[in-house]
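Shared chain: subunit A. Partners: subunit B in the first complex, subunit C in the second.
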Partner chain A sequence: MTDAVISTSKDMSERKLGTLLLLPAAALLLLVVVYPITTLFFTSLHAVDNANPRAGEQWVGLANYFRAFDDDRFWHSLFQTVLYVVVTVPGALLVGLGLALLANKPFTVKWPVRLGLLLPWALPLVFCGLIFRWFFEYETGIVNDVLVRVGFEPLQWLSSPTLATIAICITIIWKASSFMALMLLAGLQSIPKSLYEAAEVDGASKWQQFVEITLPMLRPAIFVALIFRTITAIQTFDIPYAMTGGGPGDATETLAMYIHKTTLDFLDFGYGSALATLMFVLSLVLTTGYLKYTRRSASRSGED
Partner chain B sequence: MKLWKILLTAVLGVAFAANVAAQQTTLRIFTGGQQRPDVMRKIADEYQKRNPNVKVEVEVGGATSDSQQQYLSTVLSSKDSVLDLVLIDVIRPAQWAAQGWAEPLDSYLGADKAKILPTYLKAYAEANTVDGKLMALPYFADAQFLYYRKDLLEKYKRPVPKTWDDMIETARIIMDGEKAPQLQGFSTAGAPIEGTVCTYLVPLWGAGSDITKDGKLNINTPEARQPFQLYGRMKQAGVLPKNVAEIPTDRIRVDFQAGNVVFAQSWGYFWNRAENDADSKVKGKVGVAVLPHDKGGKSATCIGGWQVAVSAYSKNKQEAVKFARYLSSPEVSKMQAIMASHLPVFPQVYKDPEVIKANPWFAEALPVVETAKSRPVSAQYPQVSDAIRSNMNAYLAGIKTTDTALNDMKSRLTPLYR
Partner chain C sequence: MDGFRFNRKMIVWFSAITVAVNGFFPAVWIFLTALKTETELIKSPITYLPLAPTLANFETAFTAQPILRFMWNSFVVASLSTALCVLVGALAAYGLTRLRMPYRNLIMSVLLAVAMFPLISLMVPLFKVMRELGLLNTYLALILPYAVLSLPVCTLVMASFFQDIPPDLEAAAMIDGCSRVQALFKIVIPLSAPGVFTAAILAFVNAWDEFLLALTMMNRVSMRTLSVGITLYQGEFAFPWPLISAALIIAIVPICIIIAIFQERVVGGLTSGGVKG
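The block that comes next holds the complex of A and B.
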């Protein structure tokens, strides 16, 4: 055999091996991403009459989507979801950044701060919701206890749409900022110390160092954290579900809760799938927006 | 030679074991955490003793009727055969029949159906029959009662109230007299949960009306406003807990047991817990009565209780039906009454001396259960329930008026009753 033949067959077998190694990942993606999303979309074009479910699924085209546009409850739950995104994403970012900066301080004993960072993150969402539900409870809750001690009237936190939304936002921010902090802490630790030393030599103040070094260097970490947080915020379910069950009325119901109710309680799989598809589109649009923005700002900083 | 013997023994042993396994049936029954799975286990043990070929596994899940149904919807929508029997809430048979989840029992019971059905309390025979088919067998009965503090009523020399306004007045007098800021006059379910449907329906029925009339939606009536107006009066008088819109069913019992409630509207399990729980501060002070009504109206109450359904996807339907019939027998009704103060589904069990000894109030409970009414029967009950509970909850929270709550309820119910 000549050398040429050997190298081609080696190329071939390497390519084959490469394809082979990619197969499991591709199959997994097909199975857990492509297949469910296709099924979801397909289901959203059908409807079952639950008064007579045995008549089976009927093809209804886009009727489920038109129904969503006329559905006040859908719009309200969408508004509520967007509200949670708009409040808790920046909220968690600010608190998380503070926590990360604190954890990045050269403490001699680092583990208490880091444990404090990890604990809220490790707590299951439903537990977190239940615990904070007790915190905001009218008679026995710690929040009202504090209010009464400082001389205020106790508040019915979970019976008023505004107060319940505030209580839920506080809980989400508490829960989410530790994840933010972890992501940002990793970013902080990758910033070379020499930059700060050079800045110090040049006489830059701590604030200037933060604005000129820390923030720009942290930018990629911030964006990744923001994307993750935004996507999970769009899917907000557990915490309001455990704290208010959507009440009072449907005031604190999120889109994910409405989808859960429509499919699992009402067994209206067609409409539930249409709502889920809309939620998917919402996350897709927001994530694409983020990615576009990061890519543009990355190329811009490359030009500098 | 030795090896040959061992092999033969092994083969025979396997064959024998397989033979036993063929005769042994394993039945899996699903029950909620609130329906006393411990008592179900004892009943199942008794059944296993009498039927050595049957092994019963009790699966427990879901603290509320809603969360149980969510789990069961998932299992049954995927036609999973893992469950053979399921305890279902009295509100579910219509939906279970429509979805084809429950195996109709008629063909299994044959001529026995006509014999056993009249032995049950009438409401339960009716609740489990959908379009002439028997979808499940009653396991235990339930209804809502008015629980009250005997000691406080005696202290202020007030009779057990007959009308809602009497009750509000009495509650106010006791609250003013006791001067305990924790004390609630009247507590009932107000959170957006299933129990809140009854909070709306009881005064509606008391006014002589119902959600539907001849199968048509019937809430354009002055009576449909009365429940809202009643709770409005209670709020004004300050007898409802301030956070009534956050109160789920079991919270009422917890508050009552802590000595913080004068009157409570709740289910049958309440008395036993308030009288027997180690941490109860109201032992020996718990009175039970018929729920009040409006002046000129009639007392009404919500029917509850749990039924045994055989899953349509079970692989052991014959054996499952046999076990279901045992669970729905006067003997088991009596066992449950004594062990869990579950209300019996057979009228004669209420008069059983041993049952009366364990639950002195059962004699008075029978007429209440006999007149208890069913929540709207619908294949789409979850939507019906959601329309009622979320608007009752919003009204109690003070974010909707009678008009907006009723209009919103109407717009959600209308598509379900076309």
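The block that comes next holds the complex of A and C.
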């Protein structure tokens, strides 16, 4: 009886303390995320009337969204963004899986491999973009040097839309694959050795072991890595910014770059906000999908 | 048997070299470039090792742009946002793991959702907010958003460490007259120092690397951070690659030192979320 009383009153004070402890985080989120996002949607319903620019931003309803619908540059940047996602997410997964398998060996000296995976992760994206821009330079870049040495013609990597897109994809894959590899390596190391020993006894080949044991056991790690990669790839900005600035023309421009230009270079906040809202909705859909999956897998592992 | 073992050793060597070359090659190549002169650069075919290594590009890198100032700005922004993020994150992580909070899972989900928020969507309104508050070109304009951007991962990493500390320790401390908050700062945080530390490194590297917000919030050269400052070495059409390479090398030295010293911790922190998810 007294026990129950004490524990309820303790519960109440713990609840209060818990709320108190979460307050600073909530305040930060309100100031930096929630409040700006509400103004984002509000701003997207406004525009400066070109006939009367003095009046400032006027209410225009959904006009900015209709404008996006007719805007070829928007559709192109969206297409380009989706292209980067579709190419670099599986690309980084494959390269990352390869690196993880290579790195999952009993090395006596561990640091060269570990740093070899960590350095690309820690390198700022802009730096990666700059470095690879240097690699892809027409006359002095190392990529064309290698091409010429093995008997090909040098290529105008950064001034052709197709080649520039390929160069950007290669750079993104190089940058993203090491993080992928680190996540998958942790997954690989959590697979019990006994599974392989048992398969060995049963006479399974290395390839069978890979397909029957490694891949199924890696599935959760692969899924999480893919989701994280997709969400980052949708926001691709730094690497094309540093490599081509969106050029030639607007050929390699991503949605994020277009939004940035619209708001900060053209100072068209209404339209930029509408595009940013569309971007927000796009990633919200993906995030909900992700949360649904993790919750389902969490409850599934709870049943086990 | 001997042949088999030899084979195995070869595979291990091949693997190690492939991974290391893949990771180090770009850094090595820009280092070699930084030692070359502009005249050597336009030689055809290109040279791999510098013919007459020179440190002149490094000297120019310090004088052409205020790179030490950029570095200082990055350092101030990254360390203060890290401190804020770890403090706020530790409080939240403790609340979420130790106290019987209602809606615990919902709060965790909201945190995860924030982690996946597209930065560009946030940038547009945040720029307006910071302009209204008169915070553009101040450190605060980056410290606050960076602290929030790393908050989810830091909270989750610390929460997973807090969970491993036996509650009895706190109970004992509280019987001895400690309050809950004192128990947090005197027992839980010191005992989970590795977790707190891992969270701090992740937050620091995130802030150090960030580009989009740094580009947007700071348009005065003296307030530029390193990631944006590096792009100022290029002209409108000219790319002085040896100079840019020298600046890049200077800029990546701090981050290299950090990951070299704390490599195991960083790997552990990066992967803890992935494996559990």
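Rule of thumb we're sticking to: the second predicted complex is superposed on the first by the 272 of 304 C-alpha atoms of A that agree within 3 Å, B and C clash if a C-alpha of one lies under 4 Å from a C-alpha of the other, contacts with A are read in each partner's own complex, and residues count from 1 in each chain.
One rule holds in what follows: a contact is a pair of C-beta atoms (placed from the backbone, for glycine too) under 8 Å apart; a residue touches a chain by one contact, two chains touch by 3 or more.
Because the structure is predicted, anything quoted here is derived from the model rather than measured.
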item	value
Subunit B versus subunit C as contact partner of A:A251, first or second or both or neither	first
Touched partner set for A:A103, first subunit B, second subunit C, both or neither	second
First (subunit B), second (subunit C), both or neither touched by A:F266	first
Partner chain in contact with A:S159 - subunit B first, subunit C second, else both or neither	first
Partner chain in contact with A:A47 - subunit B first, subunit C second, else both or neither	neither
First (subunit B), second (subunit C), both or neither touched by A:A68	neither
Partner, of subunit C and subunit B, that touches more residues belonging to subunit A	C
Which superposed partner A:E139 touches (first subunit B, second subunit C, both, neither)	both
Touching partner for A:F237 - first (subunit B), second (subunit C), both, neither	second
First, second, both or neither for A:A167, with subunit B first and subunit C second	neither
Subunit A residues contacted in one complex by subunit B, in the other by subunit C	137, 139, 264
Interfacial residue positions of subunit A with respect to subunit C in the complex	11, 14-15, 17-22, 24-25, 28-29, 31-33, 35-37, 39-40, 43, 99, 102-103, 105-107, 109, 111-128, 130-135, 137, 139-140, 142, 145, 148-149, 174, 178-179, 182-183, 185-187, 190, 220-221, 224-225, 228, 231, 234-235, 237-238, 241-242, 255-256, 259-260, 263-264, 269, 272-273, 276-277, 279-280, 282-284, 286-287, 290-291, 294-295
Complex interface listing, subunit A residues touching subunit B	50-54, 137-139, 156, 158-161, 244-251, 261, 264-267
Residues of subunit C touching subunit A in the complex	11-12, 15-16, 18-24, 26-27, 29-30, 33, 41-42, 44-46, 84, 87-89, 91-92, 94-96, 99-102, 107, 109-110, 112-114, 116-129, 144-145, 147-148, 151, 155, 180-181, 205, 208-212, 216, 226-228, 230-231, 239, 241, 244-245, 248, 251-252, 255-256, 258-260, 263-264, 266-267, 270-271, 273-275, 277
Residues of subunit B that touch subunit A when the two form their complex	66, 69-70, 73-74, 77, 98-100, 182, 191-193, 241-243, 245-246, 378-380, 382-383, 386, 390-391, 393-394, 396-400, 416
